[in-house]
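Note that chain A is present in both complexes that follow, paired respectively with chain B and with chain C.
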Partner chain A sequence: MKFIIQRDTLISSVQDVMKAVSPRTAIPILTGIKLVAKQHGITLTGSDSDISIESYIPAESDGIVYVEDIEEGSIVLQARYFPDIIRKLPEKTVEIHVDDQLKVTIRSGNAEYNLNGLDAEEYPQLPQVNTDDSFDMPIDLLKGMIKQTVFAVSTMETRPILTGVNISLENGELHFTATDSHRLASRKLPISSTSLSFSNIVVPGKSLNELNKILNDNEETVEISVTNNQILFRTKHLNFLSRLLDGTYPETSRLIPEQSKTTIKAHTKNLIHTIDRASLLAREESGNIVRLATKGGELLEITSNSPEIGQVTEDLNVHAIDGEELKISFNSKYMLDALRAIDAEDVRIEFTGAMRPFIIRPENGEAILQLILPVRTY
Partner chain B sequence: MQNKLTPSKRRIIFHIDMNCFYASVEMAYNPSLKGKPLAIAGNPEERKGIIVTSSYEARAKGVKTTMTVWQARKLCPELIIMRPNFNRYRAASREIFKMLAEITPFIQPVSIDEGYMDVTDVIQDATAIQIAQKLQQDILNQLDLPCSIGIAPNKFLAKMASDMQKPLGLTILRKRDIQRKLWPLQVEEMYGVGEKTAQKLHTIQVETIGDLANKDVYTLKQLLGINGERLQNRANGIDLRPVDPEAIHEFKSIGSSQTLPRDTTDEIEIRQLMHLLTENVERRMKRKKAAGKSVQLMIRYHDRQTITRSKKLQTYIDTKEEILLIANDLWQTHWNGEPIRLLGITVQEVEEKALIGKQLDIFTYENEAKKEGLYSTIQSLSEKYGKNPFQSFQQEQDTDQPHTSFQKDFLDDYKK
Partner chain C sequence: MKTWSDVSEVQPLASKILMNSIRKGRISHAYLLQGERGTGKEAIALLLAKGLFCTNKSDVEPCGVCNMCRRIESRNHPDVHWLEPDGQSIKIEQIKNLQKEFTYSGLESNRKVYIIKAADTLTLNAANRILKFLEEPSKQTTAIMLTENSQSIISTIRSRCQVIDLQPLNPTSFKRQLMDAGLQQQDAVLMSALTNNVDDAIAWSTDAWFAEGRKLVVQLVEMFVHKPEDVFLFIHQHWIPHFKERSQQEQGLDLLLLAFKDILYAHLGSGEDTAMLHMPAEQLNQLVMFYSQQKLITILHELLQAKRNLKQNVHATLVMEQLTLQIQR
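Now for the complex of A and B:
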């Protein structure tokens, strides 16, 4: 195997697949990166068996040559050394050569590394995902949906299913839901281009976080394919494959209150800043508690109090307060996460009582929903 | 705050120690007991009936705390033995701390019958000795209770001083007196040195407080860890702890334990005891308006071997049912089937409810929401009439007797 490749292109591919490589893995060869050279291009693969990432570098694209002098073959290289070596090589191009004994020579300018490779035949086959049943969506919208939901997944292993985002596609509507049982984030998006339908597809939150990091905003669409235990996200040069979580995601739609007793309409940024200021005095050990009270007219009072530190009170003018008076306590971190996820100038918050979940939505729109369970103070 | 920020300033600390407190209170209630040998015992009928405290007349006959009733009677056949009346002691204690609070707000109750006060800032009009004399006389005249007062530049020395003269002692222990008054004492007599620590100290030829003061600090740290250095500092009269009026609020655990009338493997009996203990814990948590995040079970077997096992929880709990569930879980897991002598249940990582709140859960919040009407009614009434009007109810219930002198829950009552 042999090829000469543009170093910058190789660096960014290596960085992408490294997102899936874990130094601790049950299968030792997965601590390496697999390289496969074909006449049409080079494919790099990294995997921790939960997430697998393939990055493809075409030999030539749009008249630009990325890879030359290709002799086909494959090899696995130690992920602990390979990325740093490539990053620090002196010239713009890198030559990689592998002999029959799996000895790898990496050459750039006057620098030459001789490394021991591993047999690519030993590298596990990635699960095959049938891409016939798939749908396309713009990458920026997918990234948006991830960012608006994934923060709400549970970090506790007590209910493993809640560590994932529940994805469904029904009646041309894609729906992401995440909850750690104290708050819930939900985002819907119409997908017109498909008649595909699935539900209870639970993707680990960690996978979606990594996916969000490696998807470039400048690429156009991503193709998504789902099987019963894998989900594949495919862009022009990238395959991102994730295991799904086993089990049934709890029914959450009925948990969302349908009527409200108190409705507040507020400027999102102002509300974020006020709660952020109040949360400075909320102790994390006691649940970051901040209190909100309606004060008549269009005035909200936001307070926080830690006896050993002190207290803070701030009045906030909002656009409207309708319905019953309200006093409610909540975890300010959940509130800030939710408000920041709502990409809108103004928000509408609907309360049904101090002991019941409340809902935050953009002022005009139903696509995003953030739900928070309050804190019952004694 | 001032006394916390200026530890370098010379301070004047009192340690007030009530003399034979329970016996003295009984004598104040019933003056005919005065001058007679009197002992207060946990339970005169059962074997756990041990002497809790006794009057000086009984002590003169050799009666000592922790003796069994039977042993005490043998030494002093005319001994009068009474069951404890904790409510009387609490009431007396409350009055005492009120009197201290009239002198300075910097008072720190330590237990039902002792406390510290920092009088540094109140000695303009009178000397420390005059204040102490007046306080001692006032407590004696108004409550008919004797106390000893130690006067010193810090808490440790004040505590040692109050111990030097009883009853009705008034002892000043200055730093320059340490070598003469403190160092000759056996190390066992030093506050903070228990039986175990004393034994360890003897192995490195530390017999007196003076030996401890002059021992090389490295050896002490090897033997006792950080506490070795702390004890040596105290032996040299150094103790920077401020008198902290809030210290009594810093409860980290709330527990209850009880010895069985006899060693048993009878699970019904043990289960009943667990119910009783968790009830005690629940009541005391309610009184403190607290909830905890960890439950500890202590089992003492017939051979005195004692184990403690605990379980950490995700959320705060405060009800008998919740505590019992965890305690029983621990019991099922860790009891080895041998007869047990004592059982203890403690809730740890305790916080005031006002500070924690309970994060509701989307799958279970309905349980709380059902009570919402009740909570909001309480809240609106509280706003109308000031403090939660239902809290006084809880206080009324409190006439039930505390079971040991270690319960300090009421010690901040003097502020009310």
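Now for the complex of A and C:
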């Protein structure tokens, strides 16, 4: 195997795949980066077995030549040394040559490294996903959906399935759900371009956070495909694969109350600030409890009280309060997370009594739904 | 042992059970392989794992050359997880990683195998954590636990596994194997008493430290008879400086145990080859006269107690001092 490559291009690709490589891994081969040279370009792969990232460098694109002199082949290089070597090489181009004994020569200008490579055959085989079972969506929408749901996944290992986000695609509607059994975040998005459908795909929250970091904010689209044990997010030059969580995600649709007894419409920003102020005195150990009460007219009273510290009361003008009188307590952290995830000027909160879960939605729209369980206080 | 037919020569019963269940597609969800060192636990675990993944099996034998087999052999297969004691025991951190692994789908397929070496070193807590997964295995998961000390496996784990007993190696065949490898008869007898591993045996038989250790043991045994007042000095001047590491101390006690066993056998006239004490019959007779059978049995008990003490981190010097006092009583 042999090729000559532009160093800057290689650096950025290596940096991308390094995000998946973990220095502590049980499988020795995963401490390396896999390089595969084909006539049409070079593919780099990094993995910690939970997530895998592939980066593709085309031999030539838009008339610019990135890789020359390609002889096909593949090799695994130690991720501890390879990125630093590439970064510090003197010239603009790098020549990489691998012989039959897996000895790797990296040459740039007058600098020459001889490294021991590992056999690429030993590297895990990532599933070949065919493009028929996939759909496209804009990157910014995907990132938005991740941000609006992933914060609600459980961090407790007692119910591992809840550490993931449940993704389903049915009747042309993509649906993300996350819950830690105290709150639930859900986001729907119509996808018109596909007739594909799947359900009970649970992607680990950790993987989605990582994906969110790796995807650039731009106008491009991402192609999503699902196999029975992995999910693939494919952008132009980057493939992001994550393993799925094993198990059945609980049925969540029945948790969402259909009717409401009290409805509040409020300005999102103001509500966030008020609750944030009240939460200053709410103690973390006792569950960040903040109380909300309707005070007639369009006035809400938000209070928090910790006997040892003191108490805070604030009245907030809202747009409208309909329905029954209400006094309810909840965890302010959950409330703030939920309100911040709703990307809208005004929100509508629907209560069904002080002991029942309540839901928060943007003023006009059903796409985002945040559900929070209240706290029982005496 | 690379194939089932190799295994069946050493472990006919175990391999027959396993081969039949592979042939009939009735692989159990969890196996507990118990057998002494060198009885082929790891070889069997590897063969089982390969058999589950190999793409090119002929009957029950995995091919050993396909990508899957090669990666299992080199421990690079992402869906075959190895758990080995990190130091003295299997740490809770390792179990946590394993638990996380259970909740994920497989990387390449949904089939997963985990192999726990020295499963007796699981702490009680760690063992209880694994229980849950043994209890509710997902369809394509196979657990293989290996142990030399089957009594330390908690009963709740044992009851959830198919237990495969590996029979101890035949000492005569092992002896012959060693002699074929160029060891002398008396060395071969000693080594077959100490270990089941051919490589270890050959390495020890050429090791200068080991030879010196053997000499010291014989000296000590004779000293009890001839110069009992100097035994304490001997321990401090020769024994302690020579057997420094924990593993060396344990080996020293093992050798001592064999030496006293020789004397006991001489008493009983069993006619077996002596493992440690190669000396003219007269000299051996002197020892036999000095130690009564009753006394020898007490000494052997004391030696076992000393080994236990060492395992429980009692200071090596104290263990030896106490031992010599007890022997001289």
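Everything below uses one rule, namely that the second predicted complex is superposed on the first by the 328 of 378 C-alpha atoms of A that agree within 3 Å, B and C clash if a C-alpha of one lies under 4 Å from a C-alpha of the other, contacts with A are read in each partner's own complex, and residues count from 1 in each chain.
Heads up, the rule we're going with is that a contact is a pair of C-beta atoms (placed from the backbone, for glycine too) under 8 Å apart; a residue touches a chain by one contact, two chains touch by 3 or more.
All values derive from a computational prediction rather than experimental measurement.
Q: Looking at the superposed three-chain arrangement on chain A, would you call chain B and chain C a clash or a fit?
A: Once chain A is superposed (C-alpha atoms), there is room for both chain B and chain C without a clash.
Q: Looking at the overlay, does A:N228 come into contact with chain B only (first), chain C only (second), both, or neither?
A: Only chain C is touched by A:N228; chain B is not.
Q: When the two structures are overlaid on chain A, which partner does A:E121 contact: first (chain B), second (chain C), both, or neither?
A: The second partner, chain C, only.
Q: Thinking of the overlay built on chain A, is A:A26 touched by chain B (first), by chain C (second), by both, or by neither?
A: In the superposition, A:A26 contacts chain C only.
Q: Which partner does A:V104 contact after superposing on A: first (chain B), second (chain C), both, neither?
A: In the superposed model, A:V104 contacts neither chain B nor chain C.
Q: Once both structures sit on top of one another, what is the angle chain B-chain A-chain C taken between CA centres, to the nearest 10 degrees?
A: After fitting both complexes on chain A, the angle is 70 degrees.
Q: Name the contact category of A:V150: first (chain B only), second (chain C only), both, or neither.
A: neither
Q: Which partner chains sit in contact with A:K327 here, chain B, chain C, both or neither? Use first/second/both/neither.
A: first
Q: Between chain B and chain C, what is the shortest CA distance in the superposition, whole Å?
A: After superposing on chain A, chain B and chain C come no closer than 11 Å at C-alpha.
Q: On chain A, what residues does chain B touch that chain C touches as well?
A: none
Q: Under the definition above, what is the set of chain B residues touching chain A in their complex?
A: Per the touch definition, chain B meets chain A at residues 289, 291, 314, 351, 353-363, 365, 368-369, 371-372, 375-376, 379.
Q: Within their complex, state which residues of chain A touch chain B.
A: Touching chain B from chain A are residues 156, 158, 179, 181-184, 250, 252, 255, 283, 286-287, 289, 306-307, 327, 329, 331, 353-357, 371, 373-378.
Q: Name, in rising order, each residue of chain C that touches chain A in their complex.
A: 67, 70-71, 74-78, 81-82, 96-97, 99-100, 102-110, 138
Q: Where on chain A does chain C make contact in their complex?
A: Interface residues on chain A, with respect to chain C: 26-30, 49-50, 121-125, 127, 157, 160-161, 163, 204, 228-230, 243-247.
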